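Below are two complexes that have chain A in common, paired first with chain B and then with chain C.
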Partner chain A sequence: MITPKDISATTVASARDAMRAGLYTSEELVRAVLAAIDEKDGGIGAYLTVDREGAIAAAAEADARRRAGESGDLLGIPVAMKDIFNVKGQPCTCASRILEGYVAPYDATVTARLRAAGAIPCGRVNMDEFAMGASTEHSAFHPTRNPVAPDRVPGGSSGGSAAAVSGGMALCSLGTDTGGSIRQPASFCGCVGLKPSYGRVSRYGVTAFASSLDQVGPITRTVEDAALLLQCIAGADPHDQTCLDRPVPDYAAALRGASTEGLRIGVPREYFAEGSDPEVLSLVRAAIDKAAAAGARVEEVSLPHTEYAIAVYYICATAEASANLARFDGVRYGARRVGPDGSLASLYDRSRTDGFGPEVKRRILLGTWVLSSGYRDAYYRRALKVRTLVRRDFDAAFAKCDVLMCPVAPTPAFKLDSTVNDPLKAYLCDAFTVPANLAGLCGVSVPCGRTAADGLPVGLQILGPAFGEPALLRAAAAMEALLR
Partner chain B sequence: MKYTIDIGLETHVQLKTRTKMFCGCSLASGAEPNVNVCPVCLGLPGALPRANREAVRLTVISGLMLGSRIAKRAEFDRKNYFYPDMSKNYQISEDAHPLCIGGGVEIGGAGGAARTVRLNHIHLEEDAAKINHYARHSGVDYNRCGTPLMEIVSEPDLHSPDEAMEYLQTLRRILVYAGVSDCNLEDGNMRSDVNVSVRPEGSDRLGTKVEIKNMNTFKGIHAALEFEIARQTALIDAGGAVIQETRRWDGDLGETFSMRTKENAHDYRYFPEPDLLPIELPPELVEQWRAELPELPERKKERFASQFGLPAYDAGVLAAERPLAEYFESTVSAGAPAKLAANWIMGDVLRLLGAAGKEAADVASLSTLPPASLASLLRLVEGRTINGPTAKALLEELFEKGGDPAAIVKERGLAQVSDAGAVEELARRAIEANPKPVAEFKAGKKASLQFLVGQVMKLSRGKADPKLAAQALAKIIEDMPQ
Partner chain C sequence: MNNTDTKAPAADAGLDVAHVCRLAHFDFSPEEMGRFQRELAPIAAYVRKLFEVDVEGVEPTQYGQPVFNVFREDEPEPSLPREEVLANAPDSSQDEFRMPRIVE
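What follows is the complex of A and B.
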């Protein structure tokens, strides 16, 4: 038997083992999750929609597959999907008015892979509109509260994903990370959040924010669960040319016997400069000290172009977004409004004016501007050059370290409404997460303690080189064990 | 004042692929609107493009045929503009790093001195959807959206509307020959925008250029150029100045109209397409494609003349279209004497195709008369097993119904009578029956011999060898006592 109360302590691995042992069925598990959502989500707002009938039917099917002899890791496991993934037959609004009522007519590659493994996309979780934001306050529908401290944000943009897991309303969730959108909410909500390397997971069917930066990854309770989900979704996809045809290692196997013994940890000096919350820095330092005490070799490294990362990120990401979001025009799908003159121009104007929220409009305008003739060389082209320098910083660091360790964000979860009207302040909070996206690295947030005053979770960020997920996850599992 | 005209063309050519440029949708024409569509070409949220390899190959083949340099690294870019004909509101094209760089098209071969019109580059892009306007609304048909297009951009090296026509016709012939495109003008497979400017004769500075769009036919391009050149020269003659702008050709009115001036030109905000990887073709692959290039018509004509000893005219006719050239060469390699094959293909085969309402290119799909069968027929002619009239009748029958010429000849006893004794016997009978023409021939009227040959043919029911018959008749009459 499993009850709604049990969900907050259930991991993917434990549910798998329980179902294999016949302790409960997928249908019972899914019903428990649905009941937990009913019970708890009123005060949190993690979910936008829940597909009850679909989830229960899929669970029954998973149970039948199990009776027929299947026993895969994700068979019968419900997964909360960020509202950015196309799941055929479910809404896919990206938490935007402009896609209100839009029902996905096809499955994203990650959705198809989850379904093939028997996992159940049970509901859609909240996010900042089109993944633009770091607090989930930019959802057009409602903000999501941090289950650990309901007066605070869960982070973002995958805030619904982290809140659903942290709040005991999901075992695991899929999110996307363009500049920290998996790692930062995981840090704020006390979850594990994995951003795979660029090109590791297909982006097909994932509504694009910034194509050269977006990457899909899991938010879970444990590093092991993150490995299990990555195993399912990683690997080449003929529908996404940027998803590389490289072998997918056995991630769960990489975790076995994980330890920090002999691990070469680089500590990037620029990530510990003044300006961050001292408690965050001391918790992260304490975690690294524990690793050193457990046999890791810790070395300070420098990533000299860190200070430019935010500017480069906001130029590259908004430029790509300005084109990616051009398709939302009211012509083929989504909300359509027409002005009194009935003209095409008024259709574009009204549909987009009414359909997009202020943060999305701000970024479209910024991206349009940095690509405009006369500004493109000074901003966009130059940003591409500096992006290369940021990548080289990491190449040099990884030449002598296995992983880098640093904070995920300069602060723990902040209060609702504290950054909404100050975009620049909000953008600066991404300083430690965007470099990994610019360089295509893999990174993970692992809980490393709570602040003394407010008991807010703080995440340790571990970064690995592109396609270095096995070593990254191994280090993360070792740290998870040390910090437990 | 006298003016020099400078014309450059941007020619969009639809590539002959099975599927669209960035998705697997069919390019079959004639479908109901919005049938050949998918999340990718409809620009649905989350859909991603994937580049069509065959379109890349065909563009490179075109570049190689036209002497372009193939880029080591080509990149797709997004060209941003809002219009319902482009489902994503950006077009995927190649701006900064096109697939083929430079190259040229030779014009002026006949008559005038040959010269090369330089190409700036050739790039690959996707076509827009078709918009249909109705009384109260407009409809968008995305079947065409995402069709692979190659844009061939020339330098302003053309100096008259006629030269522009010659350039386009030559380009078309080469591309069709290479199998890259059907270049079917009615289907819009080949569309051009033109840039035209005029400058005082002798000046080496190009005039202000005007771009003209919306010409659907070669004729339309010619007419638009003539109109625009007249407009620009009249403007300057009257003391005015041409302004840089884009103009639209109205074929019904026969005039160009201003669409937008330079100040209002679109800012397309090009940037590298992050959803696609750059195209980096291995040099070995490009070399392999180069080795497989079809021979150009001019080169083939020269070869036909020298290799088969054909007159220049015949070689030209046979080489002009690839299917005909291939049919000819296959017939020869199946054992037909080259000159005989050339004569028969250019004469009777083309005549029969024409009578059947077909084009020379349709010879490729002539299942009733494959090259082997024509060669077999021509060998019978060459070996004088059958005579000319029999062969022609047989060709028509084969064209109609097919069959094995050698077997038919044997079965029906069509072989000509080449036995000297038998022919001589028939000749004697013809002479005996026709004393008057014999006397006339003796008196010096050469034509009378033809009449007598005809009589021999009649007696043989068409099977006698006419040459032998003439020889026998002449000899018998000569030997007759005076």
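What follows is the complex of A and C.
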């Protein structure tokens, strides 16, 4: 038996074991998740749509597969999908009015791999429109609240993913991370959030924001669950040439016997400079001290170009977004509006002006500007060169360290409405997460405590070199055990 | 490759929303135009920070991982069924997307 109340303490691994032992079926698990959503989501707003019939039918199918002898890790496990993934037959709006009514005619590669493993895309969770934002307040439909502190944001852009897991309405979720959109909401909601290395997971069927930065990853309750989901979705894809053809290691095996003994931890001094919430810094430092006490070698390192990362990111990401979002023009899908003269030009202009929200417009304008005649070399090409310098900083650090440890974000979850009217202030909060995207690294957020006054979760960010997921997850599992 | 990327544009040659919104196919009201101009000016000023960095001789990084010439067999796969694709179209006719008339 499993009840809706049990969901908040159920992990992917524990549900797998329980279903293998015959304690409950996938159909019972899915019904419990659906009931938990009914009970709890009214006050949180994590989900945009829930596919009840589809989820129950898929669960019955998973149960039949189990009776036929299958027992994979994700067989019969429901997964909350960020509204950016194409799941055939389900809406995929990217929380934007411009895609209202769009129904995906195909599966993203990650969706197809989940389905093949018997996992169940049970519902679509909220996000900042087109993944642009760090609070989920930029959803065109409704904001999502942080289940730990409902007057606060869950972070973003994968805020619905983190809120669904943290709020006991999902076992796990898939999100995307372009500049921190998995790690930061995981930190704000007290979850584990893994951004794989660029090129580790296929982006096919994932609505593109910034193609050189976007990466798909899980938000879960435990590091082990993150490893199980990554195992399923990682690996080359003929539909995405940027998804590299490199072997997929056994991530769960890498976690066995995880310890910080002998681990070489780099602590980048630029991430501990003034300006961050002192409690965040002290919780992260305390976590690193625990690792040192447990046998890790801790060394301060420097990433001197950190202060330029935000400028590089908001040039590269918006430039790519302005090109990617040019496809939303009211012609092939989505909302169409036409001006009074009925012209084609007015169709493009009105569809886009009425369809996109303010944050998406800001980023398209910025990206169009940095690519426009007279500015492209000065801004865009220069940003790509500084991006190289950011990457070299990490290369030098990883020459002497296995992983880096630092805060995920300069603050814990902030109150709703506190950044929406000051875009630059909001952008500066991404300072500790965007460098990993610029350099193609893997990174994970692991809960490392709560603030004393408000009890808000704080995440420890662990960064590893590109394709260093086994060592990254191993370090994360060791820290998770030390901090429990 | 020209060398314009070594020079900072004049500070007053900032982001002109009235110009950029035409390039991006937006049709803003005067209020929206003013709002975006106000909001984006400090961001456009902020990214000038990059002109402090010496990038002489530095190669650009375009992707998170270097990717060169990825090949696969050129085997045709079935496309999406036409009716399923057109089901998402705002307007269609005779198995095609329908658009406003562009020639008189």
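Basically, the second predicted complex is superposed on the first by the 484 of 484 C-alpha atoms of A that agree within 3 Å, B and C clash if a C-alpha of one lies under 4 Å from a C-alpha of the other, contacts with A are read in each partner's own complex, and residues count from 1 in each chain.
The definition used in the following text is that contacts are C-beta pairs under 8 Å (C-beta built on N, C-alpha and C of every residue); 3 or more make two chains touch, one makes a residue touch a chain.
The model shown is predicted, which means the values in this text are computed figures rather than measured ones.
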Contacts of A:368 with chain B and chain C, given as first, second, both or neither: both
Touching partner for A:272 - first (chain B), second (chain C), both, neither: neither
Superposed model, chain A: greater residue contact from chain B or chain C: C
Which of chain B and chain C A:327 touches, first, second, both or neither: first
Touching partner for A:382 - first (chain B), second (chain C), both, neither: second
First, second, both or neither for A:141, with chain B first and chain C second: neither
Contacts on chain A seen with chain B and repeated with chain C across the two complexes: 102, 105-106, 212, 238, 241-242, 322, 326, 329, 331-333, 344, 348, 368, 372
Residues on chain B engaged by chain A in the complex (per definition of touch): 39, 42-51, 78, 80, 82, 84, 87-90, 140, 267, 269-271, 274-277
List of chain A residues in touch with chain C within their complex: 101-103, 105-106, 197-199, 212-213, 215, 238, 241-242, 244-245, 305, 307-308, 310-312, 314-315, 322, 326, 329-336, 338-339, 342-344, 346-350, 352-353, 361-362, 364-366, 368-370, 372, 374-375, 377-379, 381-389, 391, 423-424, 427, 437-440, 466
Chain A - residues contacting chain B, complex: 85-86, 92, 94, 99, 102, 104-106, 108, 203-208, 210-212, 238-242, 319-320, 322-323, 326-329, 331-333, 344, 348, 368, 371-373, 376, 380
Of all residues in chain C, those that touch chain A in their complex: 2, 4-5, 7-9, 13, 15, 17, 19-21, 23-28, 36, 39-40, 42-44, 46-47, 49-53, 55, 58-65, 67, 70, 72, 80-81, 84-85, 87-91, 97, 99-100, 102
